[in-house]
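The next part holds the structures, each set out as structure tokens.
Next come two complexes built around chain A: one with chain B, the other with chain C.
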Partner chain A sequence: MTTTFPFEAETDSDQLKTVGTGAVRIDGVDKISGAAEFVDDIDFGPGLLHAAIVESPHAYARIVSIDTTEAEEAKGVVRVVTGEDFPYKFGMYMEDRYIFAQDHVRFVGEQVAGVIARSHRQAVQAAKLIKVEYEVLEPLLDPKSAVAEDANLIHPDLDDYAHVPWFFPKADTNIAHWRKIRKGDTEKAFAEADFVLEDTYTVPRYAHCAIEPHVTVSRLDHADRLTVWTASQSPHTQRHLFAEALAPLGFTHKDVRVITPYVGGGFGGKAGVSMEILGAAMATLVKGRPVKLRFTREQEFYNTYQRQGVVAELKVGVMNDGTITAVDHKLFWDAGAYVEYGANVVNAAGLSATGPYRVPNISNDSLCIYTNLPPGGPYRGFGYSEFHFGLESHMDRIAEAIGMDPVDFRRKNAIQEGDELSYGAHMNPSGMIEAIDKVAAAIEWGVEEETDNPNTVMSKGIACFWKAPAMPPNASSASFLKFNEDGSLNITVSGMELGQGYLTVMAQIASEILTVPVEKIRVETPDTDRNPYEWQTVASHVTWSSGLAVEKAAIEARAKIFDVIHQVYGFEDESLYLENEAVRCSTDPEFVKPLRDFVIDGIQTEEGTWRGGPIIASGKFMPEFTNANSDPETGQGGHPNVHYTVGCTGVVTEIDRDTGRVWVRKAALAVDAGRAINPDLVKGQIVGGLVQGLATVLYEDMRFDEDGKLLNPNFTDYKIPTAFDIPDEVVPIIVEVPQPDGPFGARGVGEHTMIAAAPVIANAVYNAFGTRIKSMPVTQEKIAMALLEKGSG
Partner chain B sequence: MVIAKEFDYQRPTTLEEATQILAGHPGSARVLAGGTDLVAWLRDDAVAPDLVVDIKAIPDLHDIKIDGDTLHLGSLVTFSDLINSPIVSEHAPLLAEMAETVASTGIRNRATLVGNICSAVPSCDAGPVLLGYDTTVHMIGPDGTRSIDINDWFVGLRETACAGDEIVSHLTMKVPVHGGVYVKLMRYAGEDLAQAAVGIVAYPGDEYRVAFGAVAPTPIRSTRIEDALRSKPLDEKLIAEVVAMVADEISPIDDIRATAAYRTRICEVMLERGLPAARERLDGTGPAYGTRLI
Partner chain C sequence: MEFTVKVNGERWDIDAAPADVLLDVLREKIGVKSPKIGCERGDCGSCTILLDGKTVRSCLVLAVEVDGQEITTVEGIGYEGLSQLQDLFISNNAFQCGFCAPAIVLSATELLDSNPNPTRHDVQEALAGNLCRCTGYEPIIEAVLAAAEGGAK
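Showing the complex of A and B:
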């Protein structure tokens, strides 16, 4: 049985003119010329106020008192803010977070108070004068100790917290959500399996490291209108959460406006609401004056969102012929002090922790565990990169144990259209096997590489990946489209251009249907007053979801165009088509009516009156076939994920046997894009995602001390790759098995490209030396020391 | 970026004037040259001077000069100056090899060689290289000028022989015919502080200088290894012999950048690969300066 799709999009690929081409980015000139405006570039004049935040030095403590006297009297200070000003909770999926800390602080860096002053420097100086007295409590710094029976409760009121219906918090524990999957009979399957491998893998926390730090400018005007300029992936969701959190002050949605200009990188870190609520709330206390809050690089590391750490206990059973019969995957997530967003990462991983394989018997437990570390949250890959490290390491180990080639083993078990998923629904069409074969060919799997360097060893690795968008079942996208006098188009949407090329792809979709060239289409960044709704730019879903909304708007506009022609000339709609910005008619080859002649002013009839008028249209998309309701004990019964995107990554590495240094000489990555609306942009995602993934395995690693303080909130000691550190060669491979409900068959690829980067390196290291590293990152030091130990042992 | 601390700023035009200003503010003034350390420390509240004395208006401190086999480097010579100097590339290309591993281009354009040894962090790149030469540090203070051997310069962790009211005017280095290498352990190929480093200079007559960085409170010379190498042909056996001595010569620590064990291991590897390269460079063969050995 396959899923049926109620909305079948236009996928007639043979005739495509714009879709499938590498159209030039429509934001390219803006960014290259410097015309692109970011929040920090906007000039608010001399009345602009600046905010600074007082942060907790303790991972867990009770606030005994806050003395703001001295700060209030400091030069330039306009207002001092504490938790007493805003005793309100907020949260994306679970309301467990306060604007400013109330009676307790739960991580090092948590916001305790704030200062608004006439200059940034005065705000920082005054913030140092606020005296906070704490009663220090024993923090819980790892998920395993936080689920121990006698562990302190970080949120004793957990049972009272509002949350989405697909979360299952366990009262009187530190477990904020427990996603369970029970399918088939794992106990029997393990007993009958020819080979069972069980092991534990660990993955630390990571930071997004967008070039642009989080920044907001907020202003409550004298008409009680709150406008917030933010560097954000989620303008509408931010407006919603601001309006909800500040509702006790009398705000409604119409009073709150979020404007998001260009963003200097997001990677999930600018999704939802983190520090933005501070700026929005503080501005309500200084009516008429805009307030800027711009995080430092250090704050960016410890008080926005972090990618959660995980301890993964994995057990897989196989038969001698290579058939996987059972998976038991227990994921203990270090979700941090507040899980309002991060709990859905845990949920997403729990639903999909088998990886892209056909598995009849499944037991997944994905536990969202409160710890006294910074809040976990969305990060490109949304839980999948984390569990793929262990899973894809495990797949190589099993293949070796039963004497199978790891490529053959993956091919044999690769998930295919119609296969039953862990929660009972069925797999969408996808090109898993094609991706594996193309990557294996690109890296010449099975062919040994030579090197002249006596200090190094050449090796290869392979790993597969999959991911579904993780979103509420009713997450929606919308678009408005309007023609201009010259036949050019303005499209408004509320997805964000994060560098991925979203605006260009939206223009290409409209261009394809309306035959207006991409150069004549402007797609603007969002303003929630003017642009229609978009849930968020996350989950690799906007090409698909927002693309469908734009496609529908374009189809509606086309219908209106044909209607005008029909009214004036009498041609039947079915005989009309668009070509080169003009209406043509299949029954009258001589008929040509350029769009620019009538899309604003209409068409004059023979009597001298006019028909038509401005062509405007709207489109919206909501996945009406999804359903997050499922049995809490088995996870069966719902259809929580819209579809999966699959793919495969391979590398050729050269590794120094003494220092452990890894050079990626060649990498190949195949991803099933369904249809690449802009192949150049897909290739950009492949290279960028791969490099980001390689960074998490080779260099990056958040390190905390025994008191829960982050030791490396800076690029001195948190290393992200430079141009010197990228692979010598990347072979991007686009597989296209169309997604039936996608715009022209497209599905998302943005996050997927980094998911298999970690295990592919771990596998290449093993293939070089026979040494298996089971904790990320796989740094040169870890490799060298493992080899040294092996050599002397 | 905000520096919350308020301080006065002076920009003297002679070294004498600068030392008088420093003498008038005992313990509360800091000298500003490239500022790549000082400004970061100010921002982090790691230092809190009442006065910052900018020496960049003082003439002649940018000089790079050669007189016979004596190289003169002014205290405002930056790492980029070392990389771009024809005098350095002819007489002491090891300085440029070292300079190329320091931070990034923007930092190298401001950061000074002398500032690097004045900050005297254990990982300072200049340390293991300057220790490979007969280097003299020249200072001026309220009582006049003073010179000190580089071997007496590094006193302790971030501590030097320079008194608070003294300013380094320049370095002089003896640069006879030699071959050298600077090998630096970094966590990736981008800019990084040394996790461990080895500077080796080979002189005619099987004479070597060997110094390590980032594996002790200060950059350190290993005279025991130098003695073991002296007047013997450099062969695999001799290299193995001195590599085996490394662990006893250094005292690395575990920190978030690397473990002591890894630092030790890599010092061995760097010495093993660096010695033949230094020797070959002395002979005019060997890998080009700038070639990374690890």
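Showing the complex of A and C:
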């Protein structure tokens, strides 16, 4: 059985001109010339005020008192702000946060108060003068102790929190959400399996490390309109959450405007609302004055979203022929002090924790557990990178145990179109096996590599991945399109150009339909007053969803163009087509009407009157086949995910047997893009995402002390890759099994490219030395220690 | 304190406090915004400028120290039209979000000025002080190598 798609997009694409080409990015000159304006680059004149934040030094404490008198009198100070000014809750999927802490602080770095001053330096100085008295409480710093019977409750009022209907919080515990999947009969399947492997894998927290820090400038003008310029992936979602949180002050959506110029990297860290609400709220207290809040690199690490840690208990049963019969995956997430966004990471992982395999009997438990660490949240891969580490390590181990080649084992179980998913819906068309085969071929799987270096060992690894966009079932996108006098186009959308090339891809889609060259199309970054709605630029969904909205707008514009021609010349619409920016007619080969001749001024009829006028169009897309209603105890009954993107990663590594140093000599990554609207940009996602993924396994992790304080909040101690820390060679492979409802068959690839990077290294390390490392990261030290212990040296 | 500096060929007479950091003065007093604030402690390289032809991290330099010197940023490099290197950055997709790009162009320009035939390793070394979280560096390295070959690519 296959899923039916109510909306089948224009995929008749034998003759594509722009889609499928490496069109030059339309933001290229902006960004390479220095013209590209980021939030921090915008001038606000002499009235600009600066904000600084006072933060909790404790992981868990009761606020006894706050004394702001000295700060208020400090030089340059305009206003001091505390939780009393804004006793309002907010949250993306669950309202469990306050703008500034109220009576308790729940992680080191939580915002307790703020200062607005005339200069940045004055704000920072005055913030130091605010005296906060705390009663320190015992923090819970790991998920397993937070779910112990007698654990303190981090959120005693959990039961009262508003949340989306697909979350299932457990009152009087620290479990904010428990996603359960029960399918088939796992107990029976394990009993009947020829081989069962059970083990635990751990993954620490990670930081996004976009090079541009979070920054926001907010201004309440004298007409009570609040405008927020922000480095964000989510302009409309931010406007919505600002308007809702600040509604007690009298704001409606109309009064709040969010403008998002170019953003210097997001990776999920600039999705939803984090520090931006501090700036927005503070600005409401100093009418007429713009207020800038820019996080330092340190704050960036400890008080924006972090990727959550997880303890994964995995049990998989197989038959001797290699058929997977059962998976039991328990994921204990260290979700942090507030889970308003992070709980949906937990949900997404729970829905898909079998990985890209056909599994008849499933028991998944994904637990969102409050801890006294910084709030977890979205990070490229959205829970999938985390559980794939254990899952894809496990797959190799099982294959070895039953004497099967890991590539053959994965091929045998690879999920296919029509296979039933864990929640009962069916898998979309996908090129899983093609991806595996192409990666295996690219790294010459099965062929031994030689090295002249007696100290090093060559080895190979392979790992697969999948991921679905995680979003509300009705997350939607919209677009406006207008022609200009010369036949050029302006398109407005509200997806964000994060660097992935979104603006260019939207231009290519419109170009394909309207035959206007990409160079003549401007696609604007969002301003919520002017650009139409987009839920957020996350989940790798904008090529698909916003792409469909642009496709529909272009189709509507084309229909309007044909209608004008029909009115004036009488040709039937069906006989008309566009070619090289002109209307042509299949029944009259002589007929050519260039768009620039009429898309604004219309066409003059024989009697001298005019028809037509400015061609404008709009398009929207909302998936209408999804729903998030499912049985809380089994997860069955809904259709929460729109589709999955699948793929495979392989590496050839050289590892030093003394130092444990890993060199990735070659990496190959195949991802099923459905259709690559712009193959060059897809390759950019493959290389960039792979390197970001390799960093999580080889170099990075967040270290906290026993009091919950982050020990490495800077690039000296949290090392992200430099130009030296990359594979010698990356082979990007694009698989194209079209997505029936995607624009020209496209589906997203942005996050997927980092998902299998961690297990592929763990597998290569095992294949080199027979040493299985079950906790991330797999650093040089860890490998060297493991080899020492093993005495293999 | 008053001092004089040339920025992208223009002379500026600036009045700054002794503790003012060059990066802030460039961005706020001179209005040159391509050097970016990424870490303010010398780790990320996004504030890189050319000072008398040599790359420095402007977040680590006091403004008054550059009295009498000449600063070039990417606005100056591409003023008369993009340089060949900049064009190659575009055609190689050597940036995504673009936040790191102005600084990386300067590091690569300095390299090519002093070493017209760099190896891959030379390029990696020249760029090692500039963090890029988006591209995985590979396309940047390829763009610089292509520029060294005369942009034949």
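General remarks:
Methods note: the second predicted complex is superposed on the first by the 791 of 793 C-alpha atoms of A that agree within 3 Å, B and C clash if a C-alpha of one lies under 4 Å from a C-alpha of the other, contacts with A are read in each partner's own complex, and residues count from 1 in each chain.
To be clear about the criterion, a residue touches a chain if its C-beta (ideal position, glycine included) is under 8 Å from a C-beta of that chain, and two chains touch if they have at least 3 such contacts.
Because the structure is predicted, anything quoted here is derived from the model rather than measured.
Within the superposed three-chain model, A:Met404 lies out of touch with both chain B and chain C [touch as defined at top]. When the two structures are aligned on the shared chain, A:Ile616 is found in touch with neither chain B nor chain C.
Legend: residue contacts after superposition of the two complexes on their common chain; A:Glu781 is shown touching chain B, with no touch to chain C. Of the two partner chains, chain B is the only one touched by A:Gln125; chain C is not. When both complexes are overlaid on chain A, the residue A:Asp41 reaches chain C alone and has no touch with chain B. Contact comparison for chain A: of chain B and chain C, C touches the greater number of residues.
When the two complexes are overlaid on their common chain A, residue A:Gly28 makes contact with chain C while staying clear of chain B. In the superposed model, A:Val687 makes contact with chain C only, not with chain B. Using the contact criterion defined above for the overlaid structures, shared-chain residue A:Pro721 touches chain B and also reaches chain C.
Counting contacts by the rule stated earlier, residues 296, 716, 721-722, 724 of chain A appear in both its interface with chain B and its interface with chain C.
Against chain C, the residues of chain A that register as touching in their complex are 24-25, 27-34, 36-38, 40-41, 43, 208-213, 262-267, 294, 296-297, 498-501, 680-681, 683-684, 687-692, 714-716, 720-724, 726-727, 730. Only residues 1-4, 185, 187-193, 256-259, 261-262, 265-266, 269, 273, 294 of chain B touch chain A when the two sit together in their complex. Taken in their complex, chain C has these residues touching chain A: 27, 31, 33-34, 36-41, 43-44, 46, 73-75, 78, 82, 86, 89-91, 93, 95-102, 105, 123-125, 127-141. Residues 120-121, 124-125, 128, 296, 455, 656, 658-659, 661, 698-699, 703, 711-712, 716-717, 719, 721-722, 724-725, 779-781, 784-785, 788 of chain A are the ones that touch chain B when the two sit in their complex.
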